[in-house]
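Right, I'll just put the structure down here and ask away after.
Going in written order, the chains are labelled A, B, C, D, E and F, and every chain counts its residues from 1.
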Amino acid sequence: MAKRVVTLGEIMLRLSTPDHKRILQSESFDVHYGGGEANVAIAVSNYGLQGVFVSKLPENPIGQSAVNHLRKFGVETNHILRGGDRMGVYYVESGASIRSSQVVYDRKDSSFAKANANEFDFEKILEGADWFHVSGITPAISKEAASMAESALKIAKSKGITTSFDLNIRKKMWTADQAAPVITSLWKYVDVAIGLEKDFFAALGHPLGDFDYAGKSNVKTFEDAIHQLQSRFGFKYFASTIRMNQSASYNELAGFISDGKQFHVTKKYDLHIVDRVGSGDSFASGLIYGLIAGKSMQDAAEFGVAASALKHTFPGDTNYATIQEIESLIHSGVGANVQR
Amino acid sequence: MAKRVVTLGEIMLRLSTPDHKRILQSESFDVHYGGGEANVAIAVSNYGLQGVFVSKLPENPIGQSAVNHLRKFGVETNHILRGGDRMGVYYVESGASIRSSQVVYDRKDSSFAKANANEFDFEKILEGADWFHVSGITPAISKEAASMAESALKIAKSKGITTSFDLNIRKKMWTADQAAPVITSLWKYVDVAIGLEKDFFAALGHPLGDFDYAGKSNVKTFEDAIHQLQSRFGFKYFASTIRMNQSASYNELAGFISDGKQFHVTKKYDLHIVDRVGSGDSFASGLIYGLIAGKSMQDAAEFGVAASALKHTFPGDTNYATIQEIESLIHSGVGANVQR
Amino acid sequence: MAKRVVTLGEIMLRLSTPDHKRILQSESFDVHYGGGEANVAIAVSNYGLQGVFVSKLPENPIGQSAVNHLRKFGVETNHILRGGDRMGVYYVESGASIRSSQVVYDRKDSSFAKANANEFDFEKILEGADWFHVSGITPAISKEAASMAESALKIAKSKGITTSFDLNIRKKMWTADQAAPVITSLWKYVDVAIGLEKDFFAALGHPLGDFDYAGKSNVKTFEDAIHQLQSRFGFKYFASTIRMNQSASYNELAGFISDGKQFHVTKKYDLHIVDRVGSGDSFASGLIYGLIAGKSMQDAAEFGVAASALKHTFPGDTNYATIQEIESLIHSGVGANVQR
Amino acid sequence: MAKRVVTLGEIMLRLSTPDHKRILQSESFDVHYGGGEANVAIAVSNYGLQGVFVSKLPENPIGQSAVNHLRKFGVETNHILRGGDRMGVYYVESGASIRSSQVVYDRKDSSFAKANANEFDFEKILEGADWFHVSGITPAISKEAASMAESALKIAKSKGITTSFDLNIRKKMWTADQAAPVITSLWKYVDVAIGLEKDFFAALGHPLGDFDYAGKSNVKTFEDAIHQLQSRFGFKYFASTIRMNQSASYNELAGFISDGKQFHVTKKYDLHIVDRVGSGDSFASGLIYGLIAGKSMQDAAEFGVAASALKHTFPGDTNYATIQEIESLIHSGVGANVQR
Amino acid sequence: MAKRVVTLGEIMLRLSTPDHKRILQSESFDVHYGGGEANVAIAVSNYGLQGVFVSKLPENPIGQSAVNHLRKFGVETNHILRGGDRMGVYYVESGASIRSSQVVYDRKDSSFAKANANEFDFEKILEGADWFHVSGITPAISKEAASMAESALKIAKSKGITTSFDLNIRKKMWTADQAAPVITSLWKYVDVAIGLEKDFFAALGHPLGDFDYAGKSNVKTFEDAIHQLQSRFGFKYFASTIRMNQSASYNELAGFISDGKQFHVTKKYDLHIVDRVGSGDSFASGLIYGLIAGKSMQDAAEFGVAASALKHTFPGDTNYATIQEIESLIHSGVGANVQR
Amino acid sequence: MAKRVVTLGEIMLRLSTPDHKRILQSESFDVHYGGGEANVAIAVSNYGLQGVFVSKLPENPIGQSAVNHLRKFGVETNHILRGGDRMGVYYVESGASIRSSQVVYDRKDSSFAKANANEFDFEKILEGADWFHVSGITPAISKEAASMAESALKIAKSKGITTSFDLNIRKKMWTADQAAPVITSLWKYVDVAIGLEKDFFAALGHPLGDFDYAGKSNVKTFEDAIHQLQSRFGFKYFASTIRMNQSASYNELAGFISDGKQFHVTKKYDLHIVDRVGSGDSFASGLIYGLIAGKSMQDAAEFGVAASALKHTFPGDTNYATIQEIESLIHSGVGANVQR
């Protein structure tokens, strides 16, 4: 029977302008449904695990469409409560070249944001679970959501369920000062910490110096800092993507993982970007899958980075890459030939 | 110089499913911008008057798109305040045949709903205006919006500006009990009352008996009731469309107007519906134009009904009919020939 | 726990030309996934029952897309085998007015058509089922498929599971002579027979005389014939839609049901057609739901016909109508008002 | 070997707004290529004759696209000259219901309009031809085009080739006074005259009284007038569609044909209109095919009217109906069943 | 009150093939409205200045659509005359990689081309103007248009209004020999000269030697030549983009400005091109804005080049970049992060 | 009179996902018609030769659409037999960056695959032909198709018609072991051999060592091997593209040609890929055109490679490049300027 990966968070209606159009010139929006933890639940289901998504959605066709999107990939949706006023919406204007992609959030007062923490019975929800995942977006949504995240992490921990946390700082949702105490208080329940190291250190008030992967400068210092972070909070693994930004159209993507002792940097991919949104979630879900599947920490990180790399080629938040495609990318590299 | 028609209300982002699709099956939404009073401001500008739209919109690309939509038709947008959190959204699922069109509102806490009545200086806004128009949707939005509507109507009245009010009861926005006291308190400032007579009487707690235009039964009783309503509230004109619903695809549409003495029923049009939303606003704007242009009350009502009839053939809230097309429909009837 | 409705058949990729275009002028095809019994599994799941679809699909992205489409609505897909060469395809050219819709089948040698009857363990598949449904399309696909249909019906019958059979004669799939012996041999296992009465009698070699519902001629004779058919094969219920065709754009739709004693003709709906394909399956699934929900035979047939009527307004094979919409259509009639 | 039907005229780029949009709200135009005589050349090729289209088109991709459109259906394009400045364009705004379809012409100074009559060697072009067809649009384009039409008709006549002429008065191209002398001077070369009888009589300065097919009033008078017209100009056949306009969405369509002695009125079709442009050309080409194929004048007219009726169901100018579909419509009537 | 920037020229309907399609394979065209000076009027309005566009457009829906497009951005359209036969059209086939974009013009005999110079009262039009801009396209359109450009420049100069001129040589509109005398005769009225230096020198019959920015060869010579040009014609500023073409998909873009003494080369941007048309106009409008806003000549040129760079990322002629985005690009460089 | 180039093979319906979507997320498919030899017939017709395509297609609208696609470009379709059950279909999922494009074939049992070799009278078909071309796909389709290829090649050879053969190994169609004997047995009839050298040697059981064009290593050895291959099988010319793959979005493309004595490597192009499918066929058709047009072997190969390079910029299988564009690319290189 498939291992159960429970995730908690918000799924939103995403309205994207087509063909690099501005919102100001768009006569139609492409419809997607996405959100950090929902994307993870879908991706792990695509890898053969049983994703379970926990949230609250309104009793209207928009909410039902989000449920249907999750079911399409086999995600279990029994623990999604229905009620409240509205679903969060976010508008995505896909950038190009020197123009950044823009996200306009309209997520305030969503059903999930206004849900009460005690509407969810995490003891029951987490029964039989093998993994629990939440991101730093959830506590940013509302106090109640932060409280849900904490209680779910705590209960998971108490049940011996592996927990992962993807930092995901969103500057349009809260300030660094607002985020720091909330975020850091959750870390004690976390087994696998994911996210940009600088954001972790910023939350602790210790800005990390620049780290130059290419020049190999300060690598030792950097690894030491990560290892200290891990030993302080008890993170079994700390992992992140390394994105060397060039433009809204091109990126180089790699990643690293540390178990507090060893430190592994993955292969690097040169990416021509179709849609970058959701690629961080793809790293998280690939890593989770790798670790559940019993891969070495190196191989799990490679799987996560390759999954994340492939996400950049799919429109929408959802990662459609298969295990076979991800493995093939890791082993054979660039996907240049037509498969026929 | 063009006569100034000032309207006050909310303009929203309308997301419509294409090709009669359900929201549940829609991979894209068509984008329109509309709202009762905004539609009126646009239509009268299309007829050569100077529409002026008063509202509040967020400082983001969605809000700017609404401003741009209004400017496209020459509507004056100087009195639109910018600020607040969000723009109201409504989803429209276009019905067909026996399936009703569905509207899902997500308009709570919009910039306009949360605007403060005293952010608007109606003394100044209404300077030089020839007409002021508001609908029953505006007071339904929030207490502050109701207060804006009242103070705008009061000031308009005091300046001798003609005022019109389109009842537009929206059951998804408030109950009959909530609406009645608010709505009726505005009527003393109204010169031209527009809307379904049964909703007017319902607001007064006097349900009107059924009126059978085809069978001509009770016509006298009906006219008497309208005349009494007018004399009680001092409506110079009372006018409404008469919609004989057949299905979501077909309607028969006529209208009537009364000056408290005379009663005129217009021509009737058989309509195959492309998009019905906004057709009531088209009646209001056609009537306003007709009265401003010095037409007889009969001719003004005929203009309003013909404009409304044509609206059913345009996708979106906006009425693209020209004066010439409306006149031609009134005089020549059905538009069957290809104009080439 | 939801009642289980198991259906057996083929789901195909449907490629439809948009906007009434011919295949000859179409630069794109709209993608749907549908098939008689799959449509039933989806619709009953939409009504809160647990649809279970049994079939065989290829291990490729087209096959997976069909699985995902079913999962989207909560249909159980565990009993869909994967393998074989290809998925059946059918092209639909949507007619209009005096032009019939055209279906071009390319379904030969599909994974399901070439599946072996003994690949399916119906004893296990039907465990805990409350209803089993199959249509006359399945035995038309291949000898093995006919054999599956028979063995599933037989086992269902032996387990006391209610069985339904929708005749669905497809002239492009087999001739009347080929169909008759296969079809009639299945009837002894059937509790609820659905389909055009004339096709039933034709299969028996007894063409039924014309029956004029409007003129009420021969009604008694017709009812007698139906009752005899039922008593001969032991159909608990016999039900069908009555379609009074006018054109590819308009239809009148009603239905009848008989329990061998009573005979009930439903309300009639005037339909403006968006997409007619799948409307027969909607009648079947509505009827099944009604009978499972404990409605009277009259009410079950009314539910089926109203569901079928609403199907004509959705593009694609899938019926998106909700219980509430169907009940509302039955009770309030035409859906002319905008719901806002 | 297929009979050769030569047609002379202009083919234009047609830009149509999608989904009943106004030009004012259209963010894209659908691209079609059409023109009266080009449409005839395509339709007769679809019926197995060899259509030959004679025209002049610019040496640019727009011109080439028109050539490619013709070749797609097997039309011979060797006699299309290339050169000149531009291709004519016309914008079509598809009406609905009470809103007429609008055509905006931008065809002035096209390559064809500015072509010199002696650029075409009609002696050679018409070698081996069985039929020559031109419409009243061609002489309206320019003096040179009128001269081409005359010399082609004259040479065809001298070679014993059957000639047909479709009146097609376009008020946006010329006035009645401009048209009359040009048009009537061509009639002496015409064997088969097609078009609205009232336009024929108007060109002669004898307005024809109203003719009421339904009420059967004045039928005799009408037939007499047609017969006199024929005997005066030597038209072997006079034929026309009879369109009983109801709206831009619905029409009733029939037709008649006269050989100067007998008068035949065809079956009538109730039409729900997808795209009406080109339906007159469809009547002409169906009639031409019928007469070439040796049908009786009645059957040829029935073929023409049924072909024209089917044209109303295809988007674009081109008639995609097959002989089999046309025959089937004539014999079985409305196309209500799905063909599967 | 906003500074007034008046521009004179032609706005055309632009029909673009979607998705890199050829015209030969395009079943639809995307609709844009654009033209050099119209693009400038829109862009400066987007920067908070009052753009005023002067032109002539036909009284038809195509002409009205162009007016509406301008109004959408707040451009003043009172001085657009209405009349004449047609609006210019140009077809754009968007290239890719090694395939150049193709423009097919169909602009002959447009309403603007055939307008009479004395239809425009430039004394009145330029009242209260702060800046007048015209490009080298306008005098290429017709003799009358050249005469308009001259008289507008002359009157602007006499009123002390700053004038700018963007050279914009179009080889498909006129030859170098035709252009030279017309173009150079306008220069005496120009304060700010914009355009490729080699085209300026070519117009004077002094071809400029190659200038290698990368290799820094001949820089001094180049600067001297520019300075001499300026002193000869009295250009206060001379500015241009520097485009280092790589392919239809990629460009490097920089710019320079000279005040006759100093010479400033801007930052360089690596561009992945979405749509390049209109990027020159974006440079001009950014420069104009910068100079009006009181920036240094360096900063104004940087603003122009960054605005131009961003234009390459928007489909259509219109530049949707905001002041904030342009400033941010200048200061932070590549727009790689998602703004959320 | 144009030289006749006869090609034999299968044309299929190609269904492509738009905008880099996966099949799993695609709500519509773009429709193209293509196949190796059909693509060659079209391209040579675009170059002014008379392409003749020989195949078998079903008598249904899908088959007719393929015929119409060929006719559009002037390809002679008289020798396409009609009959059989179905047309082959292939689904193309366009990759991006590190994600390979995927082809899903559904071509089994197509009309062509099941055609009988003796249905084609190649003696007659090849009468008057100047060139015969077939690819390695045709013998892979079925035994009968292999037999057709052989008999056509043999007869062509006997008539002194130049023959070309494009190797085109498709791993999803047959294994190397299945392919080798069939393929190599055809080579004795081939004048111009086209395709990857390593596939030729693999078919002979002699894997060719790696050849490094950039490093210029082993060039002599490579050329010797090619020359030996040519002398063994009597290939007058051996030519191939050289693709230096980087990703699904970028390629470097060059080519070479050998006459058994001389060896010529062409210019290299850096390609940003819109659609790569059909680019090999473009090389073949460009080479064929070059040789027929009497170009030197170097110039013919340059023409082929430039044609192939341009194909990467067109969506669909069809090459829309003109002779002028190809020549211009060869001589001026990258197509960076807008042609206006």
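As a convention for this text, contacts are C-beta pairs under 8 Å (C-beta built on N, C-alpha and C of every residue); 3 or more make two chains touch, one makes a residue touch a chain.
Not measured: the values here are computed from a predicted model.
Interface comparison, A-E versus D-F: the higher count of C-beta contacts falls to A-E. More than half of the contact pairs at B-C come back, by residue number, in B-D, the repeat among A-C, B-D or B-E.
Look at the CA centroids: the one farthest from the centroid of chain B belongs to F. Per-chain Cα centroids separate chain C from chain D by 44 Å. Centre-to-centre separation between chain C and chain E, using Cα means, comes to 62 Å. Residues of chain C in contact with two or more other chains: 18, 22, 24, 27, 68, 102.
Taken chain by chain, the contacts fit none of the simple shapes, being neither an open path, a ring, a star, nor a full set of pairwise contacts.
Interface of chain A with chain E (complex): residues 19-22, 24-25, 90, 95-103, 105, 170-172, 245-251, 276-277. If you check the complex, the residues on chain B that touch chain D are 18, 269-274, 309-310, 312-316, 318, 320-321, 325, 329, 333-340.
Those residues of chain B whose C-beta lies close enough to touch chain A in the complex are 15, 18, 22-24, 26-31, 60-62, 64-65, 68, 85-87, 89, 91, 93, 102, 104, 106, 108-109. Listing the residues of chain B that touch chain E in their complex gives 68-69, 71-74.
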